[in-house]
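Input: a single structure, listed below in structure tokens.
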Amino acid sequence: MKKIKVGIIGTGFIGPTHIEAIRRLGFVEVVALAETSQEQAETKAAELGISLAYEDYREMLKNDEIQVVHNCTPNHVHFAINKDIILAGKHVISEKPLAMNSEESAELLTLAKTKDVVHGVNFNYRQHASVQNLHAMISSGDLGKVNLVHGSYLQDWLLYETDFNWRLAPEVGGKSRAIADIGSHWCDTVQYVTGKKIVEVFADLATVIPVRKKAISGSNTFSAVNHEEQEYEDVAINTEDYASVLVRFEDGSRGVFTVSQVSAGRKNRLSFEIDASKSSVFWNQEEPEKLWIGHRDKPNEILLADPSLFSVEAKSAIHHPGGHNEGWPDALKNMMLNFYTFVREEKSLKTDKPNFATFEDGHLSMCITDAILDSHQQQKWVKVKQEKEVYS
Amino acid sequence: MKKIKVGIIGTGFIGPTHIEAIRRLGFVEVVALAETSQEQAETKAAELGISLAYEDYREMLKNDEIQVVHNCTPNHVHFAINKDIILAGKHVISEKPLAMNSEESAELLTLAKTKDVVHGVNFNYRQHASVQNLHAMISSGDLGKVNLVHGSYLQDWLLYETDFNWRLAPEVGGKSRAIADIGSHWCDTVQYVTGKKIVEVFADLATVIPVRKKAISGSNTFSAVNHEEQEYEDVAINTEDYASVLVRFEDGSRGVFTVSQVSAGRKNRLSFEIDASKSSVFWNQEEPEKLWIGHRDKPNEILLADPSLFSVEAKSAIHHPGGHNEGWPDALKNMMLNFYTFVREEKSLKTDKPNFATFEDGHLSMCITDAILDSHQQQKWVKVKQEKEVYS
Amino acid sequence: MKKIKVGIIGTGFIGPTHIEAIRRLGFVEVVALAETSQEQAETKAAELGISLAYEDYREMLKNDEIQVVHNCTPNHVHFAINKDIILAGKHVISEKPLAMNSEESAELLTLAKTKDVVHGVNFNYRQHASVQNLHAMISSGDLGKVNLVHGSYLQDWLLYETDFNWRLAPEVGGKSRAIADIGSHWCDTVQYVTGKKIVEVFADLATVIPVRKKAISGSNTFSAVNHEEQEYEDVAINTEDYASVLVRFEDGSRGVFTVSQVSAGRKNRLSFEIDASKSSVFWNQEEPEKLWIGHRDKPNEILLADPSLFSVEAKSAIHHPGGHNEGWPDALKNMMLNFYTFVREEKSLKTDKPNFATFEDGHLSMCITDAILDSHQQQKWVKVKQEKEVYS
Amino acid sequence: MKKIKVGIIGTGFIGPTHIEAIRRLGFVEVVALAETSQEQAETKAAELGISLAYEDYREMLKNDEIQVVHNCTPNHVHFAINKDIILAGKHVISEKPLAMNSEESAELLTLAKTKDVVHGVNFNYRQHASVQNLHAMISSGDLGKVNLVHGSYLQDWLLYETDFNWRLAPEVGGKSRAIADIGSHWCDTVQYVTGKKIVEVFADLATVIPVRKKAISGSNTFSAVNHEEQEYEDVAINTEDYASVLVRFEDGSRGVFTVSQVSAGRKNRLSFEIDASKSSVFWNQEEPEKLWIGHRDKPNEILLADPSLFSVEAKSAIHHPGGHNEGWPDALKNMMLNFYTFVREEKSLKTDKPNFATFEDGHLSMCITDAILDSHQQQKWVKVKQEKEVYS
């Protein structure tokens, strides 16, 4: 069996999770990585068991064996690198956001279409087996007409004023934080599930901690550190810790969501309830295998992920019998499985429907973020603008 | 022991629950009730074991033995009856809303103050033991500074287009439905718990089912009826099935809540999360004994209601050892216990702090509802107006 | 309306809860109480709003107005008092256990039958609305044939060696503790629900804390006390903190349960799972309104107590719409409602089927306890003996 | 980097899950598989992306490149194959049970020690991050002295009489079914977590469905099939669907567990509660990231798996930030990671302590199963026999 060959750019937190997910497939091989220096690249390559190490990703893009490249770098370099990957004629999987604004993402989308590469963006939450099954349930009309969507995405890693991270700096993380980082996942997931686009928003944003204390020696995301005896400098924060956004979908149905990075005890709690004309559903990413289904005339249901109880369309998203909990790494694996199966079958996004988020979804996400920021500034409802020509 | 004597006006669903709650106290006696006809009054009096039956509540108000009167009638007569009770110099417990608009409720509040009667409004959810305990936790600073409040109040009793009830008619139920009926409870509870008033709102309302089918023979709230072979007439609906409201509290902190009466499987789900600077909490009225307490640096907690684990201030709200589930009827009993203890101790609202919602809270509730309706119409942020002189 | 008149013997923890439950009914009046001294009786009578105070319950039994007497005393005097109540020709509700052993309880049962009084024992957990509904579901065959029953009843109030209480002394509490106190509730509830009697047992008992420290100044059950500076004496404990019991039902189906009073964090957790040929169910007293229903071929269900979703037979056990949580006090009220309705309708246990536990159930409970103690001593399976003549 | 080379024997359900788990590590390469025919072997090799395909595993064992072999075959050939692997001097990971009885497993253990190969048995549940953390908590004394352990392992895949599978035939699956298949996992997990061995048992076993209907055309485990129009033959069943077992640990502490394969709605529910002198814990494999920690004097806790909240010893078992659900595949990966790290570091079981279950654990498991079967037959307490010389 000839395996699809892959290169990875960036090996911070998310790069290695891509690599591990890819390896589970069996028909794809990670042959190269690129880092910011040759030394760093070689260290990581040895650690991760990868043959080729590049200090310049542009060199890696010249390697003809490599068919697919993953962009796992920080936000502010996404645009330039995505552009280079596409121009090199490689298929691409990018971390979100695709770029720093919707003009850039529109450019990338156009370019990717022109070059006819397969393009994916890592909106992984839609890849959970239960989310796939919910998508199938709604498509088939099981729940009736979707009327309302409400939920939240809550984290606590920025709860304390001493929490600091590159994502807090607009020039690296972008002008939006909570909305761009996690609100984008919420919107992608509910749009995927309901099959409806968000077209108008009203937003209220807040920076709950307007001045943070940056440790002078560096920062430690996602870890418990002894903060005593640490020296800090004050940094004014311009991006939001919190937002609540009223939304309207393309068919006039309503929704609302809240994002926060300062909700103690909520580690990564993306959740939503969908109220439809027959039944309702609730899903929470921290218990991804459970789908609550609410009824008026009979007991409510808890569907524990189980291939024997899933819709035909969702069976390929679940890989073990019921009760064998699949989680976040398995959703990421599904993303990779769907993307690489598409590539292996030599499909084209011009003609074939993908079962993963593409740059089209990535661009829509940026347009929604722009509309939300705009609405907050203007304190009025704002329509989501998508450059129509991109889709023609 | 001389018992406090009480009369009840209205014996539909809520009247008998008041009576039962009062009887649990032991030092209060329901001696009379008033209904819309002598026959109805006597039937109900016999059924409920009450001595005196009146066809005109005004006659009942002349009974000098009666010290306290409960207004358990439909919304559209609340104002007139509350006014009569106060003018008769009786203490009063009214179901909410106090009246049909905030001008009327302001008038009632002024009058009640003038006559120096003890006035209560049945915002019962703040009376749950766990809510009382949460109030104490926040007051004492256990959670730190409250930054965010978000939640919802969801029901499903109006899910189907064939669901019909007097509350749907604005002339009986009032110009707001979901907000006035259940949103008012959400706002009262979170304001009580946080100790902060809502001062500004932005609202999005929707009538999900704009035309309902009214059964020609009548309606049956809260019951499963065979709808087949039933004849219906179309009725246009002008009140909201759904609303989402962005709110700002007096200290600038933010919040958002959603109300819906069309969320299948949600029977009476008032819930909220409060994110504070140290910890978060979540409470859900359908599991009233559980308080989730979220932390960043240690495991989250589930505080199952338990006098031995409660704050000193909250111990009087819980009446059994941990694990002996107290619920909705016990919260109502707490309302009555607090109100009648206040009366028994001959306290006055002029000088003493009550541990129950008064007409002041009932009036504030109406002002918030008015602001929400106003915001939805104008599509902009609206300040909650309270006639300041009322409080002087 | 002429109300049924009632006297109460014993006003510790459980007596007042009986009084409050009775008062909710409206057609029953507590007119008297008896305590161990006139002073104590009068203090309690004033506190609880009861007219008559007796220092000798035998005097109270001479009061002809009183039709029903509640025995709310400590275990070691249950037998003598129950006997006196019956001999006085009064209907009786006794706290469990009925007596100190099954010979005594057999005598009481025979006597109660002879005198044709209505006799009830306070097995309250079968009175939860969801338990009543489950009983109806199983009776009607909804779950298929019951094959397995397993569960536990866990508490933590005796976790520490410094926890002490009269129930620990065999001469007051009886020779069994965990089994008699809480195991009896578990057995009653599952036998009621399944309609099957336990006929054989194999038991393993343990005294986890064989020597306890008794505070020299007294004990405080169910409360958090500062134990520092307290002086203690060592007391050897002869009753079980823990037991696990394998059981066989009359039709050969199997079960097992565990009881413990040393399970930290479990306050009053009576729970059981019933596995039947079509579906399973799980119920937990700490979340009494939820009934989990397990299925093989469709999603599992959570039936939140709701009159509109309940069996016809169970509707009378629930008094509010879905989502209005009813708990422990409401189960006790149901016990009283069923008992007093039986009395009001002048039914006889000779001819009418009660919907409450009688002395027959109370006696069976004692026989099971005896068999469990016997099995543990002999380390073999022991049959539950019931004196057959009692039932003839 | 030179990768460790691996061969797999058997590619049914569990073989491919081993392969996928291994691939995630990055430093191990699956180079060969063996199946029951050359055709089958080649088909599977192509499908799974593996280079070498053998029809006789003995040929594969001659391949000197292969250092480690996985035994993923049905139970009745485990012994012979394990023996061959060890005799070939390869390190071995075997599915459980190691053999068909404890004499065979003793022989394997002795042989493996003699040949000094690294031997692992796939008791994967102890590899869940939360289980690892719980192990560390108990080892460090956080919970105090462990007094009681109780729980169950429930499944529903054999609920219906039409459910049939090779595991039901004693000559293939072994003389015990529910105990050997799933009870063994329960025992291994709680022994691992508490650090205490089970030394004595009293068991009650039952075959709930004594005659099953075997589909004439074959069986389909773990799938929902339309059973209509299917023809069946009756097959008498001699292995248990259910067992409850009282256990005693080496230090005299008590426990009990129930296993069942006929509990509707329970897909793979291994759960246990451990009651210790300070605190209790509850863990349920269907929600593997949640650890409930019960307390007497403070609220109970829910520890959602999170590296920043874990013990130092458990951090290596968790690979993502809190809220990024890891599940069953991740526990299996941990098993492989620990085993292969041990191999990579050239450790020996003679001198180094493994963090995975070895043949010693696999042999102990067989001894417990034998004692349970023995106890059920004799209806008395039976001691677990382990040939002592094995451990010398």
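Which chain is which? They are A, B, C and D, in the order written, and residues in each are numbered from 1.
Basically, contacts are C-beta pairs under 8 Å (C-beta built on N, C-alpha and C of every residue); 3 or more make two chains touch, one makes a residue touch a chain.
No experiment lies behind these values; they were computed from the predicted model shown.
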Result of counting contacting C-beta pairs for B-D and B-C, higher pair: B-C
Chain centre separation (subunit C, subunit D; CA means) in Å: 41
Between subunit C and subunit B, distance of the C-alpha-averaged centres to the nearest whole Å: 35
Distance between chain centroids, defined by C-alpha means - subunit B, subunit D (Å): 54
Subunit C, residues touching no fewer than two other chains: 224, 266, 293, 297, 300, 304, 308-309
Contact graph of the chains (line, ring, star, complete, other): complete
List of subunit A residues in touch with subunit D within their complex: 1, 3, 17, 19-20, 23-24, 26-27, 46, 48-49, 155, 157, 222-224, 266-269, 285-289, 304, 306-309, 319-330
Contact set on subunit C toward subunit D in their complex: 147-148, 150, 152, 154, 156, 159-160, 202, 204, 206, 208, 224, 242, 244, 246, 254, 256, 258, 260, 262-266, 273, 275-280, 292-297, 300, 379-381
Complex contact set, residues of subunit B against subunit D: 291, 293, 297-304, 308-309
